[in-house]
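Quick heads-up: structures coming right below.
Two complexes, one shared chain (chain A), two partners (chain B, chain C).
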Partner chain A sequence: MENITCACGHSNPYGTKLCEKCGRPLTEEEKQNKVVDMRYDGTAIRSKTYNKSIVDKIWNFFSSVKVGISLIIITLVAASIGTILPQELYVNAPDVSKPAYYEKVYGWFGKVYNQLGLSDLYSTWWFQILVGMLAISIIVASLDRGIPLYKSLKNQRVKRHESFMKRQRIVAEGHVTASPEETLDKVEKKMTEMKYNVRRDGSALLAEKGRFSRYGPYINHVGLIVFLGGVMLRLVPGFYVDESIWVREGEMRAVSGMDGYFIENRKFILETHDNKPQGEQVRQGVNVVAKNFQSDITLYKQPKDAIPGDIDNLEKVRDYSIRVNHPLKEAGFALYQMNYRLNELKQMNFNLVNKATEESLGTIEIDLTNPKKAYNLGNGASVQLLVYTPDFNGFENGAPQTKSSLPVNPAFIFKMTTPETPDGETSFVAIKQTMEPFGETKYKMKFAGSETLNVSNFTIRKDRTIPILFVGGVIFMIGVAIGSYWNHRRLWLQVEPDGGVVMAAHVNKNMFSMKKDLDAVTAFAGLPHYIDQLEKLEEGEESTDGGIKEKEGDNTL
Partner chain B sequence: MEKKKKRLVTRTIILVILALAIGYTVYGTATKEKVELVAVGSEAPDFTLVDLNGEKHKLSDYRGQGVFLNFWGTWCKPCEKEMPAMDRQYKAFKDQGVQTLAVNIAQTDFEVQSFVDNYDLSFPVVIDKTKDVMTAYNVGNLPATVMIDPYGKVAKIITGEMTEANIASYMELVKPE
Partner chain C sequence: MSLIDLSGNLLFVAFIAYLVATLLFGGAIKQSNATGNNTHIWGKLAIVVTIIGFLSQLSYFITRWIHTGHAPVSNMFEFTTAFGMFIVAAFILIYFIYRMTALGLVALPVALLIIAYAAMFPNEVSPLVPSLQSHWLTIHVITAALGQSILAISAVAGLIYLLKVVDVKKASKQRFWLEAVMYCIIIVVGFVLVTSTFSAMDYESTYTYVDKEGKDRQIIYNMPPIFGMNDYKAVEEHGMSPLVEMPGIINAKKLTTVVWSLLVGSILYLLIRLIARRRISAIFQPLVKRVNLQLLDEIGYRSVLIGFPVFTLGALIFAMIWAQIAWSRFWGWDPKEVWALITWLFYAAFLHLRLSKGWEGERSAWLALIGFGIILFNLIAVNLILAGLHSYA
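Take a look at the complex of A and B:
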């Protein structure tokens, strides 16, 4: 790939459209054009310079705007497919029965949707690779265009060749009556007044304003990349924690994800508004409206070098009432009130009753969080607890079985000893069920009430990526603002000693304002009238139309 | 040429870094939801728990011996099934320097004691009341067994039920030389 040497003698890299030094069009295409393409200021996009090794080929693939736009469209389509049905994360069913849930609720479509993995689309490898490729595309394309553009704008010459100036959208040619020096001085004065940077080189003048707006898109790409990087960091251990625990009232539990911390749930409070249902509440059939979900907790911490399970020397950190939207914040973590379960059995009371006389020998209170082996009732009566199953679900080999550790359906085998039955009688007691496996008994355990407790569900969150996401978002918005609300205006002027004038102007957007500036300087310095070559072209083409459309500029990057 | 070489190197570095970042993201997401216990080869997190007799058991006190660390609950059928086999293998290996420690997940003393009495288990059974150790080992499903070698490193992780032959072979694995 060879360099292109311009008529002015400057050597430009392959792919350059307009000479870096004087602005002469270098390609046949540009020479044909009446108005040059000022995108990237005519510099060579780096990827187009050569195409040799495999690395260059990959690079050029990602540098392509076509590829970038295709990736954006594919990603958008894929992401929107994920919104057709709720994602797995938001489906209220246990993990194992989620496939069945999709089929049950959404029919064959749900089944296929789930089988294709679309129900967990955003975690699939292909979606992440897609987003990753988009990121590569953004980075590579920005480097390829941004760097040459920056260099070109930084090194631009004041003096440009006539063929460059005459191919700008705004062109003026003519003569001035005043002396060339005076004209240039006047233009400089006016343009400086209008906050342009003015540079002069002999008979040539360049006035420029808002160059930084050309970098808006690149700044906004940096913001996007920072944002994506922040999202990626969530996977790095220590940056992001999202755990969930259930804690009963009165229970102390290690806080998952928060090593060395323990939480004790002292009390869960659910308050409701005691108003009479009215309006929308009645229409939607809502009886009570919750006012407050609150868990009164105490947070403890292990001493520094303690190991898991060592709860002998816990230090109290503090008491707190975790309410919805009022998480407990500690050491970069936040504990949120997430869910609750009311009325889990805590204690069951039984009377030891003589079946015949209905006479009670006393009451035993079984704390289900810590049942005792034996309960003495005095006067020679006692009850032994032989078996306790918190979640009874039938017998196996004659022994009662439990299907979980939660006291959902407690069952007991008691041995009742009374003065009348000194050898003891055995009775199996479950909710709404009694059995006497070793023959009929004289006594029975009669249910005499229960106490319940509530269970709180906390979510433990830590997200160190938020500041990064925030910074990324801010950079992105700054880029958008710079690119949208500012524009790069340039005016080239050449006044020959004989009074011959060539003027050209370029703006990347907002031609209207540029023209206002031009009108001001033209009037002030007595320059010839300019023409808008695009308008002229349109006029020529649409002569029947009559009207002239105001164009919004060519949106040059 | 020098310039081209430099450009090639820069491009390669940028592309490799970006490819690695994507690879890490995909890998990280794929393994995030999986119930993974501690990593094999890494040091087993030390812990201390109290057994039914009120005695403390600290993992690091068993340094120099292999440890068969079993997480279980009374409601877990496969746990229950493997207990008698574990007890027999415990008796066979304890004099060869392999300890057995069964960690119950936050059940009541009564339930655990009844269970132990029922199966006449002779190895120490500790209760993880606060689920701290369970969290530290990232135990998801029961039963879960972690084999710890005499140097305190995790030698093997077994999730799910084991046969008696399995148990014997795992104990053999962490037997001190």
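Take a look at the complex of A and C:
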């Protein structure tokens, strides 16, 4: 593709709309326009120039603002669909029974919702592809427009051709009474006063302010890409750890995902507000409001070169109280207290009792997480624990079964040996239930109390992407603030030796403030009145209320 | 008078002040339409009363903060009231940039309605649950609300824009939807009326029911039940029995409230139409006939530009930081989070659409209204209908 040579002699790259040097419109379209399109300062935008090869087509697709907006809207609608029913993550049912849950609770709609994968929408391949396409669109569009815009703004000439200036939204034409030099001096003084950067070239003047704000959108796009890149890094092993453990009070456990670390749960505390329930609280039937969930823990660490699992020479790292909003942070990991169980059975006590005489031969204490096989009561009496099921839920083939490993509904088969019954008697004992499978016994195990404890659930999380996400967020905020709170204002002025004046102004947003600046400089330097070509156009089209003003507008209303 | 009573009174004073200021703004516009004289006096008076109201509400906010020991943004009443206050603050800010009187005529009634809506929720001081006990409650919620309020001003500008440009004499889609917006506003008035009436009557009916997971529960209605909960049985009933029983996934109590509000709102709407013999948009149209459209469009765009970064910071970035601290993950696709993202995406689309020609002026005004609709959806529907981690109220 050949370059376009402008009437001023400057050679512009193919696709340029407004000459880089003097600003003359180069395309037929721009020549027709009354007000030129200043979005990218008329530079050659790749996507608007080439459309031949496959690469061009893909590039053009992703660089299109329309495609970008469509992707935003599609993502938005898709995301909203995921909120119609709760996502699987928040459904209170075991993983396998979740499909059944949706059908049971939400009927046919829930079933379809679940089958379409909408109940886990945000991790579906298509949603992720959507976000990926959005990311590509952000990158391509930014490169496509950002680089030419940067070049063009960097190489701005002071002197622009009349045809460029007259096609700006704000234009003023006329004569000044003062000498050209004096006028230019005055304008320079006033514009400098208003913090504009003023350059002069003979009879021409360019005053510019806030150019950096044009880069705001590109900066925030960089931030978004850094953020999304950080999110993707999670998939790299080692960047992200998410484990969960339950630790009983008094128990010490290895911290999953955190090699060499052990945690001891010393105490779980639940405090409630002691306020008198009132109003909404009563209406919802809530009697107490939780005030504090806290696990007092001690973190230990294996010494260097210890064998994995060796817990003999642990070094204490520190004591800490993990509360909501106050996770324990150690070595890049954070330990959160996510859940708890109160009053879990810890120990059950039984007396070995003679049924006839009610005489007790002694008490055994069974630690339900770590029961002993046999208990010697002395004087020839002993109890053997043949079978222990922590969460008994019936017999299968004559053997008691357990639902889980949690001591929710403990059941035992004891073998009781006493001097009176040296061969031993067998008895099955569960809560509120006794059975003697091999005939009636002389002795029985009589329940003699239990002890409970609380259990804390900790989530162990390491996320090395957080700093990257944070940097992305900060870059985004800087970019979006620059782009939103500042604007790029330019004023071109040309004063001929005979006193003929052409002035033009451009601002990328916030014309209201620009006009204030223009009013100030016009009054100060005695420049001709400017007109807003867009406002004139609109009024020409509408011409509704006759009372509408030429340029200021009825701002008080 | 205890501090909390004082706080309540200050809020009441603010409410009255906003009401008076609305009338004064209306007066200012009437004056300028008629003669053009005295506009400045009316307008000045209006903004002074607005500021007095705002300071009074700010004092409510501070005294309640002192009394409860935490920023008063922790439940539906507190948050929504604060949202109303921030809308007034955003209006004052934009007013002093652009000095447009007509904005007040819409912004203040919107704030009034939001505060009235808030007052329908229990305003007792309730202690904080552990997850809310954090400085991030103050930082995240206040910034997010502030961002939403500034964005709301673009809807205010958009509504005025549409009231001026939409031809209410000719049937059109635009006329229909503009009137629909007006109707929605009247429905909110209906909600406030019906709720406060039954609450003044101390209405209460108690039922037991079976919830969607099959558990037995109890519920108290504060309005005569139109719909009954799943498998309901009356414990103590007044006035009427439910007309229709609902399945377990529908909260019949909330549905009853919605239907009552629709009923009363619709009657109110019909009455207005009968008395004025005009559409509501036609009633307001003369008031805005002299506003400068270019300037309104600019205000709409500018308030999105000012509000968008604040919203991003408060509703996404601060939210993520707090979520990482409290819930161990910065993002969990909780409905409130998703709807904050949707709001953000929507306004991002709004800003990009302005790059394409044609999406200025009227189209932009419609978008601003939709945006505010999404914000309100996130405030009302997500909290009350879609259960999630944010259901504190």
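Note that the second predicted complex is superposed on the first by the 517 of 557 C-alpha atoms of A that agree within 3 Å, B and C clash if a C-alpha of one lies under 4 Å from a C-alpha of the other, contacts with A are read in each partner's own complex, and residues count from 1 in each chain.
Heads up, the rule we're going with is that contacts are C-beta pairs under 8 Å (C-beta built on N, C-alpha and C of every residue); 3 or more make two chains touch, one makes a residue touch a chain.
This one's a predicted model, so the numbers in the text were calculated from it and none came from an experiment.
Asks: Determine, for the superposed arrangement built on chain A, whether chain B and chain C clash or fit.
Replies: Pair status: fit.
Asks: With the two complexes superposed on chain A, say which partner A:Gly82 touches: chain B (first), chain C (second), both, or neither.
Replies: A:Gly82 contacts chain C only, not chain B.
Asks: Applying the touch criterion given at the start, work out whether A:Arg39 contacts chain B, chain C, both or neither, answering first, second, both or neither.
Replies: After superposing on A, A:Arg39 lies in contact with chain C but is clear of chain B.
Asks: Return, as a multiple of 10 degrees, the angle whose vertex is the Cα centre of chain A and whose sides reach the Cα centres of chain B and chain C.
Replies: 140
Asks: Could you say whether A:Ala334 touches chain B, chain C, both of them, or neither, answering first, second, both or neither?
Replies: In the superposition, A:Ala334 contacts chain C only.
Asks: Check whether A:Leu469 is in contact with chain B, with chain C, with both or with neither, and answer first, second, both or neither.
Replies: In the superposition, A:Leu469 touches chain C alone.
Asks: In the overlay, work out which of chain B or chain C sits against more residues of chain A.
Replies: C
Asks: Examine A:Val324 and indicate which partner it touches, taking first as chain B and second as chain C; both and neither are also allowed.
Replies: second
Asks: Is A:Phe293 touching the first partner chain B, the second partner chain C, both, or neither of them?
Replies: second
Asks: Rounded to a whole Å, what is the shortest Cα gap between chain B and chain C in the overlaid structures?
Replies: Checking C-alpha atoms only, chain B sits 14 Å from chain C at its nearest point.
Asks: With touch defined as at the start, can you tell me which chain A residues reach chain C in the complex?
Replies: Residues 39, 65-66, 68-69, 72-73, 75-76, 79-80, 82-83, 86-87, 89-90, 92, 105-107, 122, 273, 275, 278-281, 283, 285, 289-293, 323-325, 327, 334, 336, 338, 459, 461, 463, 466, 469, 473, 476-477, 480-481, 484-485, 509-512, 534-535, 538, 545, 547-548, 553-557.
Asks: Applying the document's contact rule, which stretches of chain B touch chain A when the two form their complex?
Replies: 4, 8, 11-12, 14-15, 18, 21-22, 24-26, 28-30, 32-33, 45-49, 58, 60, 73-75, 105-111, 113-114, 118, 128-136
Asks: Going by the contact rule at the top, pick out the chain C residues touching chain A in the complex.
Replies: On the chain C side, the touching residues are 29, 32, 39-40, 43, 75, 97-102, 121-122, 124, 126-127, 129-131, 133-134, 136, 212-213, 217-218, 220, 247-249, 288-295, 298, 301-302, 305-306, 308-309, 312-313, 317, 320, 324-330, 332-335, 338-339, 341-342, 345-346, 348-349, 352-353, 355-356, 382, 386-388.
Asks: Across the complex, what residues on chain A touch chain B?
Replies: So the residues of chain A in touch with chain B come to 50, 53, 55-56, 58-59, 123, 125, 128-129, 132-133, 135-136, 139-140, 143, 229, 232, 235-236, 252-254, 256, 259, 262, 307-311, 368-373, 385-388, 390-391, 399, 402-405.
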